[in-house]
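Here is the structure we will look at, set down as structure tokens.
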Amino acid sequence: MIQKLRKIIIESDTVLGKIFDYFIQFLIILSLITFSISTIPDLSPKIIGLLYVAQVTIVLIFTFEYGLRILLSRKKLKYIFSFYGIIDLLAILPFYLSTSIDLRSLRIFRFLRLFRLFKLFRYSKAIHRFQHAFSLIKEELILFSLVTCMLLYLSAVGIYYFENEAQPELFKSIFHSLWWSVATLTTVGYGDIYPITIGGKIFTFCILMIGLGIIAVPAGLLSSALSQSKSYQENND
Amino acid sequence: MIQKLRKIIIESDTVLGKIFDYFIQFLIILSLITFSISTIPDLSPKIIGLLYVAQVTIVLIFTFEYGLRILLSRKKLKYIFSFYGIIDLLAILPFYLSTSIDLRSLRIFRFLRLFRLFKLFRYSKAIHRFQHAFSLIKEELILFSLVTCMLLYLSAVGIYYFENEAQPELFKSIFHSLWWSVATLTTVGYGDIYPITIGGKIFTFCILMIGLGIIAVPAGLLSSALSQSKSYQENND
Amino acid sequence: MIQKLRKIIIESDTVLGKIFDYFIQFLIILSLITFSISTIPDLSPKIIGLLYVAQVTIVLIFTFEYGLRILLSRKKLKYIFSFYGIIDLLAILPFYLSTSIDLRSLRIFRFLRLFRLFKLFRYSKAIHRFQHAFSLIKEELILFSLVTCMLLYLSAVGIYYFENEAQPELFKSIFHSLWWSVATLTTVGYGDIYPITIGGKIFTFCILMIGLGIIAVPAGLLSSALSQSKSYQENND
Amino acid sequence: MIQKLRKIIIESDTVLGKIFDYFIQFLIILSLITFSISTIPDLSPKIIGLLYVAQVTIVLIFTFEYGLRILLSRKKLKYIFSFYGIIDLLAILPFYLSTSIDLRSLRIFRFLRLFRLFKLFRYSKAIHRFQHAFSLIKEELILFSLVTCMLLYLSAVGIYYFENEAQPELFKSIFHSLWWSVATLTTVGYGDIYPITIGGKIFTFCILMIGLGIIAVPAGLLSSALSQSKSYQENND
């Protein structure tokens, strides 16, 4: 009996095991949708009630699954302190905390429910190739993060000197200018903050010419690392 | 006689067949242009009349072509239920539906006329290479779509917690925040919704640093798959 | 004597020839700068006078160079009707047209002065690698231009159906919606036109997910073609 | 004694040398943070005092380090006029200049303090791969900078002719139009300046179709050069 359940819940190679996996994944998505709907203001009491029932049911199933996993795993402590063991706990804990104590003051714990999303990772095999690709370019990504941070900081200091006098409200300090750097170098350009002086505009042009090339590189590195990782997997399979 | 028409309309290898193909393509483009012009408000009755005549003429020619294709194909049922057979039907059907019954309530069927655009695909040989490249990276594209959706959702939840109190009208619910996620992570940045709190701005910076690399990867994968697909075609031709 | 001049002006292998080339390039840049300055409104009469003198001097030198090139080339007609021969003529013609006849009505001819910019190409050797890379991916670029145009059109029709009722002033017709498509799919996002209905926002998300991958591909193709073109040149040199 | 100090400060292979390096890097970051905080307006006198003490302490340590480096290096003049020697001097000089003479008129010298940031480069080994990758594509980067500048100029002239009459305040001269070119072709799109005429919008579409491909290429070249540089390093190590 235990042997059969273990096959279904932990190993998930059989047909029943796969159905169980898809059922849990469906519940995770459902849980995220009910959570999202519950943030809409001015919902009717009927819908709030329905959402509450759905959330309680899902958490009870997750708790039941968590219990089963502890019972069925051969090395119980190893599972409890593993990555997925902690995520499984974090996905249900906030619910029990917020119902036993006052709800309002603990609203922030709700955020932890998002850990349920990471449960999806367990069921995906393709995620391993992704992890391999990341490990291949780890060094480059760190270097580029550093260069990007330096570039953002230097451009923030530059624009601060050019625009601070003309727009003292928007470019108040280097921290305010950093927001401009982020919005500009990522080319998002919301339009809430932009240079108006000639110096600031020429500086923006220069920093964009240098920055665009640097900020777009990690994506190129990642895509070539994924190709490498794919051909590596195909050769080893 | 039927043999000759078959060569012109279905096989399109001869000079006359190519002229027929270009003529149909020209009509498709013309049909799209007249359709676009007819959406302009406050047109003079003369232009509306001209557009109507053009549309009727084009649809009649398409109907004639559709009939000919059924008559000339050796396996009639196979053509009718093939991809292009259905598109050819969908491209003319809305016209007949909207003229026999009341026009206004069926305006939505007009949208189906766009299927005429897909008729263009039949005449393009290069589209095969494109399809091959897509099949090469199908798995990666699905994985990246999933990761992108998760990233969009997580960033929407994050910004909701940071901005909901400061801008309750714009960041009303997680669904409203999702619109911000889409506009920001694709770097479109319309400027209709953006963070104003310090926490929200720092969160935007973090999510952009992670997100830009991930969202730009599929384009890199597609371009390298196209190169692969090209060299594969050249070796096999 | 003619032999010597030919070496300097046409072949430009000697030191004097290179100095002549750099001098002409300097004049092209100078001509563009004076042209740009002359568009600034409310200039003082003194500066307008100076600009006029500069422009006249430059055009006279260009005319002299054009005459010399005709005189010195062995096949005069071949030069006159060559690509650079026509550009050399177009670069000086607007000046003579606009001074002999009324200036105002011929303002549009001023635009032709920009052909001077293309004169810079003659002096660049690296431009050949660029042309080679383009010829390698010509087919793909045409296919992607087509797919991009279809995508722009389809997204314009889609957003028209979603937003026309909510924002009849901005999404007046499919042509107005096309402007939205261009600003959105290129991720420029000026913020002058954006969807406000839920349907329109979901549609924007879908079209961006598909579109971003497709629109960014040509850049990836071009950069890999340039790498190919470089290694090809290095092997043949 | 001097031998030991030399090992710690200049060679930095030993444990103590690494601790010293990390300490200096920590001070550089701290110095940048205090500098950034000091630009916030309306700080309390207490915080201004604390920031001043921190800045003085850091500069004194940097001065001490600079002195030690001169003393300990075998070829003193070579160090003083080396890249890092000059940066080390420039990082401390502004402080002494601004305290001995009047502070306000010399505010601009504060900018030089940013040279401290470049001190971080000394401690990074991975920066060499980056420099190698740049040297591999130097020619292409110069060519693309030229093409980008030409494209920016041509699009500025084009939009000036289309929009100058409709929006004389925004598209005042070609220099004002250049700002539009920069914001549009980099896809930042702040939304402070955009075309409103039909001609201007069609022109924007054309220039974006050509420009996007060209402006995104350097990033692709850089990422492939980095891959090359990496495999080159791995083969030589």
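In this document, chain identifiers A, B, C and D correspond to the written order of the chains, with residue numbering beginning at 1 in each.
The criterion applied here is as follows: a residue touches a chain if its C-beta (ideal position, glycine included) is under 8 Å from a C-beta of that chain, and two chains touch if they have at least 3 such contacts.
Quick caveat, the model's predicted, so the values are computed rather than measured.
**Student:** Same residues or different residues: which describes how subunit A and subunit D meet, taking over half shared numbers as same?
**Tutor:** different
**Student:** Which rotation angle, from 0 to 180°, best lines up the CA atoms of subunit B with subunit C, given as a multiple of 5?
**Tutor:** Rounded to the nearest 5 degrees, it is 90.
**Student:** If you average the CA atoms of subunit B and of subunit C, how many Å lie between those two points?
**Tutor:** It comes to 30 Å between the two C-alpha centres.
**Student:** If you average the CA atoms of subunit B and of subunit D, how far apart do the two points sit, in angstrom?
**Tutor:** So the centre of subunit B lies 42 Å away from the centre of subunit D.
**Student:** How many angstrom lie between the CA centroids of subunit A and subunit D, rounded to a whole number?
**Tutor:** Computed from C-alpha means, the inter-chain centre distance equals 30 Å.
**Student:** Tell me, which residues of subunit A touch at least two other chains?
**Tutor:** Within subunit A, the residues that touch at least two other chains are 175, 187-191, 215-216, 218-220, 224.
**Student:** Could you please specify the touching residues of subunit B with respect to subunit D in the complex?
**Tutor:** Answer in residue numbers: 187, 189-191, 220.
**Student:** Which subunit B residues qualify as touching subunit A in the complex?
**Tutor:** By the definition above, subunit B touches subunit A via 139-140, 142-143, 146-147, 150, 153-154, 157, 160-161, 164, 168, 172-175, 184, 187-191, 194, 198, 201, 204-205, 208-209, 212-221, 224.
**Student:** Per the contact definition, I'd like the list of subunit D residues that touch subunit A in the complex.
**Tutor:** 32, 35-37, 39-41, 108, 111, 114, 117, 120, 124, 126-127, 130, 141, 145, 148, 178-179, 182-183, 186-192, 215-216, 218-220, 222-224, 226-227, 230
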